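Chain nomenclature is as follows: A, B, C and D, assigned in order of appearance, with residue numbering initiated at 1 for each chain independently.
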Amino acid sequence: MAEETKSPVPPPPPDGEKKPVTESVAPPAQAAAPPAAQKMPTPAAAPPKPAAPAKPAGPVPVPWSSPMVEKYRHQYGSGLEAHSYLGQNYFTVDRLLIPDFLKLLRDDEQFDYCVDITSVHYPKREKQFDVIWILYSFARNERIRVKTQIADGEGVPSAVSIWATANWLEREVYDMFGIKFDGHPDLKRILLPDGWKGFPLRKDYGILQQDQEWVKINLGIESGQ
Amino acid sequence: MNDRENAVSNLDLETPEKPYLDSNELIINMGPQHPATHGVLRVILKLDGEKVLGTECVIGYLHRGVEKIAENRTYTMFNPYVDRMDYVAAVSNGLGYCQAVEKLLNVEAPPRANYIRVILTELNRIASHQLWLGTHALDIGAMTPLFYTFRDREEILKIFEKYCGARLTTHAFRIGGCQYETYAGFEKDVKNFLTFVAPKIGEYEELLTTNRIWLERTKNVGVISGPDAIALGVTGPVLRASGVKWDIRKAQPYANYSQFDFEIPTGKNGDTYDRYLVRMEEMRQSLRIIEQAVNGIPEGPIMAKVPKVIKPAVGEIYHSIEAPKGELGYFIVSDGSTQPYRVRVRPPSFVNLQALDVMVRGMLVADVVAVIGTLDIVLGEVDR
Amino acid sequence: MLDSFMSYLGSTVTPGEANNQLWAMIYVLIIFAGVSVAVMAMNWLERKALAHFQVRLGPMRVGPHGLLQPIADAVKLLIKEDIIPAESDKFVFWIAPLIGLLASFTVYTVVPFGPSQAVSDMNIGILFMLGVSSLAVLGVVMAGWASNSHYPLIGALRSSAQMVSYEVAMGLAVVSAILMTSLHGAGLYGVAKLSDGTGTLSMIGIVQAQQEQQVWFLFKFFPLGLIAFVIFAIAMIAETNRAPFDLPEAESELTAGFHTEYSGLRWSLFMLAEYAAMIAVSSIAVTLWLGGWVRPFPHWLSGPTWDFIFALFPGLTFLGLGAIAFLGTVRMPKHAYFRVQTIGLAAFGAVLALIGVFLLAIVIGAKVSPHDILNRTTEGLSNVFWFVFKVAVFMYLYIWYRATWPRYRFDQLMRVGWKVMLPISLGVLIVTAIVGVLLG
Amino acid sequence: MTPVATPFFFYMLSGLAVAGGLLVVTRRNAVHSALSLIVTLLAVAGLYLMLYAPFVAGVQIIVYAGGIMVLFLFVIMLVSLERTIKERQFNRMWPVGLAASCALLALFLAVFEKGKKLFEDRPLPPLTENNNTQQIGLMLYGNYMFAFEIASLLLLVAILGAVIMAKKRI
């Protein structure tokens, strides 16, 4: 329900939902967001090896243009980029646009099926996480991705009110990455036990630590490996 | 939108629907050890008598951290792991993964490899549906179809065994094509299987399709409408039974499915019976595909030119296939090294299972069992 | 002692009527042992038949073709640890299986295997059977409650509701058969002048009424008798909690229903009670509609020759079973490993054949040199054989149903019970009465 | 069939019935009370048998022990046991109940005293054995037809009332 309303351009047709003020992570992020989003043509290349590898360069993302993209670029300006990689299109949007943009995609562009929500962790980046929505439109037979970047501890508005399927998918992202989805009806761990420490799919999560702790407590030895 | 959100939100144990006569509400734990939860699924049921007021699924008992494992293996080494997710449709898992990596590498498997892939994947779809039918019927109380389906599934497993040595977790494909050439007599075996199994499907249908009790147990049970199914991200036969004619094999053909002639069966009511009919018809359509593929299988190489050490360029890719359970997707992020930076599996069972709550509210305990069966979940894939 | 033993021989009434406690005791023992053996045989048969329905072999290891499997099972159950859940109500938990067992064995006192082959002939025989078998539900309810666990509780609730509801339709179907006993007159639609109080509730009386009227009540007033019989046949499956009405123990929903927490000996008592109850209700059906001990076509194929031919059936059946066993012996693999099994099967076949020869000898002896004892033995054998044979058909049907049908859901079960079976059985009862009055 | 050891069975069955009745009121656990009630009902059925009323005995078993008690148990099982155990077993009305039962006892004794000579010399003639059921039928549908129909009407009203109470809307 946490509908983000502080986007650069006022969102079109508000469908009568109340505008909550759950903007808790607001001011600093807002200030930092636009520049980060601007220098983002090759987002995936950012992490460990910013420079292109030595071998013959593979395919690179190319700008993606279509009527839909033009429309939204016009509407959102610098908060939104559109690229295409190996024939797969994706938007890179500012975090602040998130719930509105997703809602627009569903209502106006018929992306009525949220395939997946996931995340990627880039520990060396300032904004550590990519959150990715994979969307599909039955009417257009088109698959796109929407990406946004957030910093550690920053929350993302939940998409449960847009696609009911987001419920478990967001819980899994929370479970694995510790990304909070604001407005999620029941954000708790889903695959891991409730008492689990840490978020395993973060890159800085040592895979052995849980195991070692367990053997220390239960078997009294240093390491079971 | 609001009621839908309400429907998937979790159990509200505080505010029970007040019945006229004061009766106790029962909280029952179904699973993780329960004959009808198909593995280690735990469903917490809130009951009013036998009526289900709400459910909450507790999953993760079989979580092995497949996605984390992937980050510590090379692309090639991770390939066998995906077989262990949906272990009754291991070939499909392997196909999805191999094709995703191929896409990332921007290579294409040669035609002959694609034919072999299609044959094996469709065989696997039949095997998966057979296993589903047997267990589903057993859940509803008909114990005999289980043995018939297992008897016939055996023939498929024999072909797998002859082809790659493994029966269940086959690891049949490699990135870039297939590792093994077909064995001598492969085509004959497959053709024999086609003639063998076609009447058997009729045999299953004879036991169930017009059986009064079966009809009563499955008609109007676990109904989910098309829009609801889309909103919940449900895919595969469950979506098609709700009347949405969507199959990735047709919508966004992969391998060489575009060359084959087959129908997408759909249902009308989105109930358990329609899902049953859709899957039965899917088995027949798979037979059609296999028949065309095995008759048209070309000669040629079975491996594309793939470097010995697989190092895709920096980038990310999403590729999905129509697994027996629904849309099985792989989202792979490469950082240019030999190991994937991130592999995300979009498991159909996991997403479909989410619809359980919507489908069983207001129904009876016996329907929960039927609906779990009809969703055709595999816990290895739900929990990964 | 010896006097009372000898005095009953040659009597044509049941020991209960002859007021002979010693023979009543002997009959009780025979029936108890017979039913227990029948339950074991049924256990084996069910597993084998079910297996063959399902393209598998069933028990093959313990004894030739798994013949000793029931014994092995019994031994296993006896030596298993006896677990009583900590939070259960110990006393009720302990007594529940006994009540079920008691109820399902007590009804055999009035089961008429023949005109004199029953422990007693009560004048309210059928009422007694229905009453006592309705007590079995108490055992189920108590077991479910005493386990203090959710699944058994739901199982107990289901089964109590189910058994109570189906008893109504069952009772009404029975009443329409009892009504027919008062309509003297031969043939399908034959009704003599109605007279006050000539019907009977006695089990033996009901069979004798069918003998007099020269028609099984199954065919009386066709199709009324048939409908009542079908109602009863459905209700009796529900009464005994068997597929497709096995909701109280629906394993896919309630793990094992009311006996989830039971194990070992106590569990086996439940199984014993269940199978005994199955045989008991089948006996009611046979008595009421299928002419009880009466051999097929007693009037069409009458005369001493036909009597003699039908009297040969028991012996021939045993000979046939023996022949099947010998066939199995011949088809046994010729390998040292199977030697013991082969010999065992051959011995089993020989025993069966010997019994068959013995029975045939009695019958032929009675034919050659008529003697009172021999004649009466022949008659008794024939009666018991035909009764057991008809019951066995029902037992086989039980297995067949289980292999074929899915399970009903609870509300559907109740709907069938109250909205379909009850009105139909009520209608049949009324129509039977009207037809009886109109024709009489 | 001549009866055997009549006094012994009579006192045994009566004793069982009384003991069962006492257990019904003294047990804290409602299920145990219900089970004791079953014992009482069965003992009463036995008494009917001794009175050459086998039909009534059979009906007693079917209807009371088999049907009604199952429904009792059905309801009791749904009641939370922990709560009933904590509740006080007898409320303040017990002196009234005691007085009422004493009055009833006095009434029985009075009737017994007054009517002693009614029963004294005339033991009931045993019913001719095989038509007890028929006689009951003739009575119910002959002499007492009206009462019988009134009773069934009353039961019908009770059923309707139960349905209306249990259903929110019809």
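One rule holds for everything that comes next: a contact is a pair of C-beta atoms (placed from the backbone, for glycine too) under 8 Å apart; a residue touches a chain by one contact, two chains touch by 3 or more.
Nothing here was measured: the structure is a model prediction, and the numbers come from that model.
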{"item": "Chain whose average C-alpha position is farthest from chain D's own", "value": "A"}
{"item": "Which two chains share the largest set of C-beta contact pairs", "value": "A-B"}
{"item": "Separation of chain A from chain C, taking each centre as the mean of its C-alpha atoms, in whole Å", "value": "68"}
{"item": "Separation of chain C from chain D, taking each centre as the mean of its C-alpha atoms, in whole Å", "value": "32"}
{"item": "Approximate Å spacing (C-alpha centroids) for the pair chain A, chain D", "value": "73"}
{"item": "Interchain centroid distance [CA atoms averaged], chain B/chain D, Å", "value": "61"}
{"item": "Numbers and ranges of chain A residues touching at least 2 other chains", "value": "none"}
{"item": "Two or more partner chains touched - positions in chain B", "value": "none"}
{"item": "Per-residue multi-chain contacts in chain C, two or more chains", "value": "none"}
{"item": "Residues on chain B engaged by chain C in the complex (per definition of touch)", "value": "26, 28-29, 34-36, 50, 137-144, 146-148, 151, 207-208, 211, 213-214, 216-217, 364-369"}
{"item": "Parts of chain C lying in touch with chain D, wherever the complex brings them together", "value": "16-17, 19, 89, 92, 122-124, 127-128, 130-132, 134-135, 137-138, 141-142, 144-145, 153, 156-157, 160-161, 163-164, 167, 171, 196-197, 199-202"}
{"item": "Complex interface listing, chain D residues touching chain C", "value": "1-2, 29, 31-32, 35, 38, 54-55, 57-59, 61-62, 65-67, 69-71, 73-74, 77-78, 129-135, 137-138"}
{"item": "Chain B-touching residues of chain C, taken from the complex the two chains share", "value": "53-56, 150-151, 154, 158, 243-244, 246-247, 250-255, 402-412"}
{"item": "In the complex with chain A, residue positions of chain B that touch it", "value": "1, 4-5, 7-10, 59-60, 63, 65, 67-68, 71-72, 103-104, 106, 228, 230-234, 244, 246, 251-252, 311-318, 320, 327, 329, 331, 333-337, 341-342, 344, 346, 350-351, 353-354, 383-384"}
